[in-house]
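Take this structure first; my questions come after.
Lettered A, B, C and D in written order, each chain numbered from 1.
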């Protein structure tokens, strides 16, 4: 079992899938010689050549729209958007085309495109290298939305995305690209199904729901809570569309208390959807108000990034709030 | 501007493309069919038998001339104003009508607006409403075909208004950079809804925009079906043999309104319309074929009547087809329904059953 | 007091504001001679000339980006996007520029642009002339989001938008553009503040929260419910950012039961935000699960539009569900 | 390609623009200042004293030549690679450093990435990171100035990579249609991060792209400060007198990496860099001024030292300025804080107080 960090896991998954299937092609900015600004595609140009590892002009609409065309013809394009923050020139292609073409063509023209994009704060990137806007995509029927938090999950989920037949927004938590390595299954058919959350810690006192890089913040918070004798059940959603409501509800029925924590701006964040689902389906189990913790409802700042990003302490305060109600 | 037949049917024999008499007559018949279909479409819409319609009268030479230059294996992304392209590709009239009527036989399951084509069997790719976005798909399809070593060309058409969109820019630039076998066909019909072409851009022509992307731009008389055929044919041949993309601007005129919801008299005057009537593409081609001695006015008259009857018959027949089943609301969003959709579908079907 | 329908009210407000302030300029597709595809700008070109009523090429990024520049220089541009569905080529300008420029420039460069766009279903417009994607904008700090439902509210809120100094997404419920006329204040300084909901019907049994064209569906449902002796308190949010949580919470504390109904796709819709807020702040008042009703989680269909659009009957079923729990 | 001074300082007197000796020396000094500032910036970043930096060594002639052609009332939207433009506009070095250091004296309140300028007092408009989006703002500003009958010009610069974005396309098209008094200045420094310019587009040049929009495109030697000045000056004069927009492509080279996070040796070779070193814009202008007899190598040496000392002194001074106050997290999102932000701010400040 190889030891890989998260970005190496992306790289390894792309490599093995490209070896397996000649229809898998990559396109994006600086993904060739440069290997991507985060090195997620390092070495792939050398192995697979410029027809399959396409450096593109700077035009996100061009990248995504061209990938859609390729997919319509039968290729399996995997797109890299350099930062999720730069996806908006291609947003029309995602919302109007990629998400709707299967439906509007009566199933005649599905387009299987996987869009990878590093997202989230923590690299001192300011307003435009830090945002977590996964909620836009969860509100767009026709898209799957994947938000892994560990190297192994990244591999299993990215492989599912590439072998599937639906459009996927694959959002990579860049803050933890290199923070730690873990053992990753050597099996080249290792996949993780969409819609199955992972219980990071079992617990009985408070259910804590999160995804992406925030899972690591939540782990730290859960460990701090344990010292205060609050037993936290930490759930990593892994995929937001589809989302594993069953696991969440099961846990809430057990604990009666829930905190939902994400890095994204709080208002209209995906945490609201989870809270609403719980309030609709498990309200009788609740012994405390549903606590949501999000990024502030402001753009993402530069100098004060560390004050902006939800810290383990802030999560802990939310846990306490839920536990002590 | 490339022209083969002048407005009164005169022509330069050196320019005439190599088409058999049979082909010429077929082209003429297709043009007539589109004209009659447009008239029928508008009248059905006015009678409330079609929810919406976009006519293309005046642009028959563009549609038919261009589509005739393609081979069956080529892919096409026509615009809403190109029903004729679908017909030339082989889409049966009944199938086209199923799309317009959004019935249960429609390949798109009645989900798309009328004139938003999608005919997989004939390599006519699903069209959306946002202007310009499909141009990129054409580039991707062309690239993929090249990657797979399939010797085919991807053809896409657009209005001149589409050239203002960022996606036009990206499509042209990517096509140039990757030398994709794609043909961009711009039907400059002088209007984008109410905006005259001269206010859409300050550039000398639309064809000249190709310079910005390093490949050829060609301007052609879009009311001259032979000129259109010739220009597209040579662009297709070039693309097929590895020569990369071409942008063709076909100068034409939208004789009717923008759509069944539009009243063009608000923004343009009659003289202009009258002037373009005198350049009618069908009259011109008829004059040419008459001169050539392979068609007569009375034959045209007879054909028109046959076509009318055929269209009416087919419309009546397709009007008997049922609307799409309610359960189709929930399918094809994904390859498999996620739980939230399943739940919605079940609840909906249960309620449907109850009421 | 003049009698106006909703789209006439837009027209009248634009006219009076343009007369009042020469810095107010309009730009959009077909807004000149054509008067806009819905005639919202009819007559304005004649009165104010082409420098102030600018027909633009078809490029939503161009329209919005140019308007931002104008606003930076001190004009007060009011943009028309022909259909909200066509805003995505300009989404980058909204999300990356308009919403963030005041913040990122430390307040030095505010950009006061009002973006008007007809939205929602009900005109047989299929996938791309029907969508309700207000949630995207509510999740974008820096924007105000306004969703009027009546002619008078439209006038009062549009005037507030134009006289304000923040970017506004002004979403017009095109389905009710012409359905009815009402008396509109003749006072040319009549404004309605953002963040104040309107209680359409007072009631004691169930709180029903909605906005835009759905308010009219909800009115019909509330009337049907009344016949079943369910007393509905119908709240028209009017603005979603800022949103009037106080009024909602006040009502929920009274009724203990709540239904949130919107036309937008349910998952990650703005209804989730409201539900989450209630679940966080008024859970002890709840006597029933929070019921959310949204558009289905699919694209917007053509032939089956009437089956797709939430009907008064569907809203009524939700009301019954909340009432009978 | 317009050139005034050849690589070795030779020149055609007929081409030399009308600038006083004093101006020439000022221009030279600005160029030196930018060069030294770049070196300082990179070294501060390497020492962890700046979070991020983007250098512009090699592009001094572009920055200074272009900005020198503007008047104070003109507006400018420079790119991250144009600190020199800010200096020429009058922004004090200390103010520039406050931006880089994101301290509490920074006009942007430390919210933006270093090199993302915003200096209201000097009509330098706030810059974001997404490539291309600001070009449209330039058009809107220019239109608004024209509307208000203010006789000013809006200038904006970009890299050659920005020409691929849809917003470039829309900006150019709108500028053409409305004949806005705007000057687009494209610094073709041969790379967009790792992508060579010849793979950014298949067009013959970047200047030629102007043809697609109906106005003039000009190519100029971007390492020749007098040529740059001349080209921008004539575009500015034209715009000011109602002649509409111009696109200028300045051919230059990015001597360093894309940013402090980039290692260019991965994607380009030393010979190329060496070749461009021989075309250094400062060396060339120094040679010219030396030939003209108004500058000596030793004066340059002395100036460099002065400038270094001045920069170091100012850096040290600005490093004493406090970071932005935590409360600034919540301001300027709107003109007034809505309740949700107020609540967040209060909770945050209470917790800050506690910890």
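One rule holds in what follows: contacts are C-beta pairs under 8 Å (C-beta built on N, C-alpha and C of every residue); 3 or more make two chains touch, one makes a residue touch a chain.
Model, not experiment: these values are computed from the prediction.
Note on interfaces B-C and A-B: more C-beta pairs are in contact across A-B.
For chain C, the chain whose average C-alpha position is most distant is D. Between chain A and chain C the centroid-to-centroid distance comes to 30 Å (mean Cα coordinates, whole Å).
Distance between chain B and chain D, defined via averaged C-alpha coordinates, is recorded as 46 Å.
For this pair, chain B with chain C, the centres built from the Cα atoms lie 36 Å apart.
Put simply, the C-alpha centre of chain A and that of chain B have 40 angstrom between them. Residue positions of chain D touching 2 or more other chains, listed in rising order: 109, 111-112, 116, 128-130, 164-167, 169-170, 173, 177, 199-201, 333, 340. Counting only residues that touch two or more partner chains, chain C has 57, 59, 61-62, 85, 88-89, 92, 96, 100, 103-104, 127-128, 141-142, 241, 267, 297-299. In the complex of the two chains, the chain D residues touching chain B come out as 164-170, 173, 176-177, 179, 199-204, 208-209, 211-215.
Within the complex, the chain D residues that touch chain A are 51-52, 102-103, 109-113, 116, 128-132, 161-162, 164-167, 192-195, 199-201, 261-262, 266-267, 323-324, 326, 328-330, 333, 340-341, 344, 348, 351-352, 355. On the chain A side of its complex with chain D, the touching residues are 29-30, 32-35, 37, 55, 57-59, 61-62, 85-86, 88-89, 124-129, 266-267, 296-299, 301-304, 307-308, 313-314, 317.
Taken together, the chain C residues at the contact with chain A in this complex read 61, 85, 88-89, 91-92, 95-96, 99-100, 103-104, 127-128, 133, 135-136, 138-142, 241, 264-265, 267-273, 275-276, 278-281, 283, 286, 288-292, 297-299.
Contact residues on chain B toward chain A in their complex (touch as defined above): 75, 106-109, 111-112, 116, 118-120, 125-126, 128-130, 133-145, 147-148, 154, 166-167, 169-171, 173-174, 177-178, 331-335, 338-340.
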